[in-house]
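The same chain A turns up in both complexes below, where it pairs with chain B and then with chain C.
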Partner chain A sequence: MTGPWAEALPWVIVLPLVGAALTPAVAVRHPRVAGFWAWGVLLVTAVLASGLVAELLARGPFSYELGGWAASYGIELRFDHFSAWVLPLAVLFVVIVPFSWRYLDHVMPDERRPPFYALLLLNAGGMIGFCVTGDLFNLFVFTEVVSLSSYALVAVGGRGLAAFAALKYLFIGAVSSLLMLFATAQLFVLTGSLNMADVSLGLGEIGSGTAVMVAFAAFAVSFMVKAAMFPVHVWLPDAHAIAPSPVSAVLSGMVVKVGIVGMLRIYQIYFGAEVLELGAFNLALVWLGAVSIVMGAFFAIFQDDIKLMLAYSTISNIGYIVLGLGLASPYAVIGASVHVFNHALIKATLFLAAGSIIHQTGFRTLSDLRGIARTMPQTSAAMAIGAVSIVGLPPTAGFVCKWYIALGAFEANQAPFGFALVFGALFIFIYYIRMLNAFYFQKPVHDEVAQASETPWSMRGPVVLLASLCLILGVLGGIPLNFVEPAVLDLLPFWGQ
Partner chain B sequence: MQPFGLDLDYVAVVVLFCVGLYMLVAKSNLLKKLLGLNVMETAVFAFIVTAGMVEGGDPPIMVAGTSAPFASPIPHAMVLTGIVVAVSVTAVALALIVQIHAHFGTIEIDELKELP
Partner chain C sequence: MEVVDVRPILAPFVSFLCAGLVFGFGRSIFWRRFFTFLAAFIKMALVLSMLPGTLQGVVYVYQFVEFTPGIGIGFRADAYGMFFSLVSSTLWVFTTIYAIGYMQGDRDRVRFFGFFALCVSTTVGVAFAENLLTFFLFYETLTICTYPLVVHAETREALRAGRIYLTYTLIGGGFALVGAVMTLNAAGTLTFAAPGILGLESGVGTLAVIFLCLIIGFGVKAAVMPLHGWLPIAMVAPTPVSALLHAVAVVKVGAFGVTRVIYNVFGVELLQQLGFATPLALLAGFTIVAASTIALTQDHLKRRLAYSTISQLSYIVLGAALLTPLAATAAVLHIANQAFAKITMFFVVGAITRTTGKKYVSEIDGIGARMPWSMAAFTIASLSFVGVPLTAGFITKWYLALGALEADAWWFVLVLIASSLLNAGYFFPILHRAYFRPAKEPWPPLEPGRHFETPKTLLIPIVICAAYVLLLGVTAEVPGMPGSVAQVAVESFFAPRGVGP
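After this line comes the complex of A and B, so read on.
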């Protein structure tokens, strides 16, 4: 039983990908048209995605067989509660793209816009495909679509240094993708199928063994690199700080989550088969998560560059999510799953606000930007809301998830990690206090800052909208929590407590 | 051949992978690092291709005179796609290396690190 919206499932992938291919043709005469085109394509994609979520709420998870080939021969697309991440993803893209229209003026000449927006659409299409595919090899292909477009997007605005950061990202990213391909092949050899549901059944028949564990380990390492967990985070700070701000928002908010969603997918495969005792792995995740939180915050404290600081804060927040997954208690996993979305929202707010400030003043370090709140009050207020939110103070979006993860730590009898989490939040508080102090309570040292004007509305609108969403989701935080609850509770019995 | 109870093709794949990884990690020249990455990719592709081998199997092409068992065609399709992906990665990496060379005048990591 599927409703009319189920037929839209392939279109959320096809639309951005085809849109990307057409961008240079559409914008051949007027390069600036590319921005509006990309926005239009993403808007339609977001509408389709909301239809899919409505279908999911009405009738539960559903599948689509590509080309009419039945699953296990053909590629199956599957839309479940974790796939619902495509809706916030598409909506965030719709908000970020208008910001980039004016922002790109000082980043690149007009004629380079069509390739930029083509890459952005490819990135969106790849991530959406990654979330809805039910086929392991397809998962690899979409990972590569996302990764390749991300490497290019990092390098797109700058010259030498940006290319160097992108290349570093490429080398590490390519090795992690290779591990993923290897693990996929391994599972194919073991089970004779690439369809996730089939692989899960096949694994159930084989039982556990070295080969099964090697495949799991390769997947786990691969996704840890994609999610930039400590100690494999080294590619992230430079790449995210040097990219143009709208791209940083996309990379930091959404692309690193590919690792988390991928991890959840692999969990689904392995838990369905009940071949894995995950106690030790979960413990490793908890520790790595806790270390990520503290190290990310520690490095962030010493940064003067605001974008570099935000990039390190991404490592901390990935730490929170991984810690939540590793704790494996209902509250913690629900909190972690929702933080995947809430962190994307908050980080987009922060990066876009930081981008506005850099755009208007030309400075990017805290010491140069002293007193900016006097001349750019609205953008600074958005930045402050984002900062309060990411620290996890009520009543903001960040509070809800971190509270859940902390509750989960006590629920799993891992109280020390609950305290580690609170301690980490304090640490994070320190560096955001530094930022707010510089913005609000110090005198400007540069004329450009003292005479800066607010951004045009096409840039201020998205920032204000995102900041208010941070507040709204703090008050209505129960909605996403209730939404992922059934999916998490389905998965948890196998989680290996 | 299975000396010491090991499949020789798997041993070859692991050795190739490690050679590539060594090049990627230890070499200072960006171009050599990229070559190392390509060697690693080749190792994984070789692993996938060997997975499709069926003892005494015919190629999976339906013409007169062929009979079961057939070699599995899926790994071939996977490797083809994998090669396309690898080529794209190589192309992007080469483009970035060209940019780095144009801007800094060197592609040696040691020298790049000493630049301000």
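After this line comes the complex of A and C, so read on.
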């Protein structure tokens, strides 16, 4: 039994994808219209997504069969608690796009706007599709939509290094996609189906075996690359630092999460079949997570470029999430899942604020940006809130995950990782305190900084809004739990410790 | 008896709102002062209005939001919290008057007063925290909000002090977080209760780690040696900041946390069985003597006061760690006694620096003639620290000595006597120089049109706080004065298990 909103399920994918295709046509006369068009499309998508989430909260997970063809023949779309991720996804896009309207003035000529917004819409559509598909092959297709549009979005800035960073991203991303395709094919051969629920049932009949495990391993590695976990993170820093700031926010906040959400989806398939013994894998995740936290922080300390600093902190934060998943205790997994969203929010705040500062002054290193807080107080305040938040200090959104994952570490009797998490996070603060000191407590060295003006409202509004959300979600930390908890508790009995 | 009431959350919220207004409209001096004073008075009124209820054993509670299932951000004004918030909200009023005078013409006053209000907000939040999570949230927020005040001067030295301050306090905060998480794991709850929430069934090893983590976490701000390194360095901050934060808010929050851990997380009974409190008491005893000894050698006035603060804070820790009712009374009372006496001293030192530019003990020969009112106040505060009867400090020492005897730990009485002598040893030379040495060069004359030695905004808080030191010393048992609130708090600490405070 489903409510009226369930019918909207295909539309959240179709709208952005079709919107992307239409963008060049819509903006053929006035290239700047593309930005408004993309925003409108995403706004409608976000409204639909909130309807879907309301439906989910009212009646639980539901499916939609495309064309009325039943699953295993037709294509099934499934909206469960992990799919609720599409709502924050869409909302963040709705906030980020207005920021890009003015920001792009300095990045690209007007006539390149339509393809840019088309790519952005493709990216959004791909991620939404990735979250709601109930079919392994479509999971692969949407991953590729996201990845290809991301490569192009990195290169769109057009400077020499951008192409190089995009190419590096492309090569590593292609290997990851190949592994995913291989694993998908493997499961199809084994079970004769691509529908996730059917695959899960099929695996249950086959039982455990080398082929099943190889497929799992291929998925795991593929998604780890997408999530930029240490040591397969090498593509991330350059790509995220060089892309235009709104794109950095999308890539760093949301696209890397494709790897995490994908991992959870694969868990769902394998756990349902009860063919997986996760003990050793969890242990590997825990260690990799802990190492990611420390290495991300370590590399970031040596950066002077603010966007590179932020990019490296993404690696640390993915470390938190992976650590939480590996700990496999209820609180830890809840914390990790909540951080999937909270990190997106925080990272969007930071990248947009950093983008504003770069946009207004033309500088991007700490030593050049000294004293910027005097001339751009609101943007700097947002940056400060983001910095405190990403380190996980209360009362900000970043603290919520640290609290849960630390709790989970002790719950799982893994006290050393609890300590590593809490104090690893402080390590990260070393470089953010340098940033805050430079912005707030040092004298400007450049006239451009001393005479900079605040950004126009279309840029400042999103930044201020995101920063306030960082604070609000720090206090109302219980809200994301409504979505995460049921999903996690369903999976947990199979997680194994 | 628990009553649901919105006042425990309103009290921190008022200064939070004030901070927002100051940041928003603070460029105008008038509005900045208006908001700050209005908030300070409203807050004091709010806290005072709860006082009659507290004295009758009413506890005001307010659950704000749920953070983790079962653990919310909750506020609860019990007697001990009331005591602490009374002290901090009273002193906020005086420090605000003083800060307005002291910071006149200084830079970035919007930032200064905004963060000042935030700090007070979080201090009262700590006082009224219902559980360890809420406590921790405010405790860490306080760390962040004090940073801009510590580095206010923006000099290289100030930035270095800020870095050291953050390193100490954030690592401490990390330990506190781990302790809180482990407590939740062991006890299943974080809500402060009398006599405690942990039990022997968690295992002695786990309890030892929890105790260590929480005591290190809160001990950093309470400046128990060897965790005290940040405090003397942080004295580079403007004097009102040193006064309110490093004599009242920040350090007292640490001491308050240590007492909460001892009485409301572990509980007297459990700690007596475990015996963890004895090493803490010894450490506190060591800090009392060692910090005083270092203070003897300091020539910089504020640094001498800083080491004196370190020594005095350990009175509170010692009182709490002795685990007897009389010692606990001393611990609670000393939160107020030390605060009023030490803030008087900081105010006087700040006034001396603002009026004459002198910062060192060796420079203030004969200042008693130039600034008689201020030095009189300083004298009263010194006598209080030495423990002369009729001053607040005597009350603490009296109860603490009785408590030590009650705990069969008579050697702590020796520590107290040694500390009194040391206090005399580093405060009386200041008085001697001020009153009995001739001035090396003539003091700058009064500015024309001034009737008093220093601007009235500086002098009034000094005189009131010094008077309060005397008042605390003679009215320990009068109902409605801090002493009576402390009695109610201590009764709840030692209530038998199962009886709520």
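Keep in mind that, in the parts below, the second predicted complex is superposed on the first by the 496 of 497 C-alpha atoms of A that agree within 3 Å, B and C clash if a C-alpha of one lies under 4 Å from a C-alpha of the other, contacts with A are read in each partner's own complex, and residues count from 1 in each chain.
In this text, a contact is a pair of C-beta atoms (placed from the backbone, for glycine too) under 8 Å apart; a residue touches a chain by one contact, two chains touch by 3 or more.
From a predicted model like this one, the values you see are computed outputs, not experimental measurements.
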First, second, both or neither for A:Pro24, with chain B first and chain C second:
neither
Please indicate which partner A:Phe429 is in contact with in the superposed arrangement: first for chain B, second for chain C, both, or neither.
second
Looking at the overlay, does A:Gly204 come into contact with chain B only (first), chain C only (second), both, or neither?
neither
Can A:Gly74 be said to touch chain B (first), chain C (second), both, or neither?
neither
Check the contacts made with chain A and report whether chain B or chain C touches more of its residues.
C
In the overlaid three-chain picture, which partner chain does A:Phe419 touch, first (chain B) or second (chain C), both, or neither?
second
A:Pro456 in the overlay: touching chain B, chain C, both, or neither? Say first, second, both or neither.
neither
Looking at A:Pro61, would you say it contacts chain B, chain C, both, or neither? Reply first, second, both or neither.
neither
Let me check the overlay on chain A: which residues of chain A are in contact with chain B and also with chain C?
none
For a test of understanding, state which residues of chain A touch chain C in their complex under the given definition.
388, 393-395, 399-400, 402-404, 406-407, 409-411, 415, 418-419, 422-423, 425-426, 429, 433, 437, 440-443, 475-478, 481
Would you pull the chain A residues touching chain B in the complex into a rising list?
137, 141, 144, 148, 151-152, 155, 159-160, 163-164, 166-167, 170-171, 174-175, 177-178, 181-182, 184-185, 188-189, 194
Residues of chain C touching chain A in the complex
64-69, 73, 133, 136-137, 140-141, 143-144, 148, 151, 154, 158-159, 162-163, 166, 170-171, 173-174, 177-178, 181-182, 184-185
Chain A-touching residues of chain B, taken from the complex the two chains share:
21, 24, 30, 33, 37, 40-41, 44, 47-48, 51, 74-75, 78, 81-82, 85, 88-89, 92-93, 96-97, 99-100, 102-104, 112
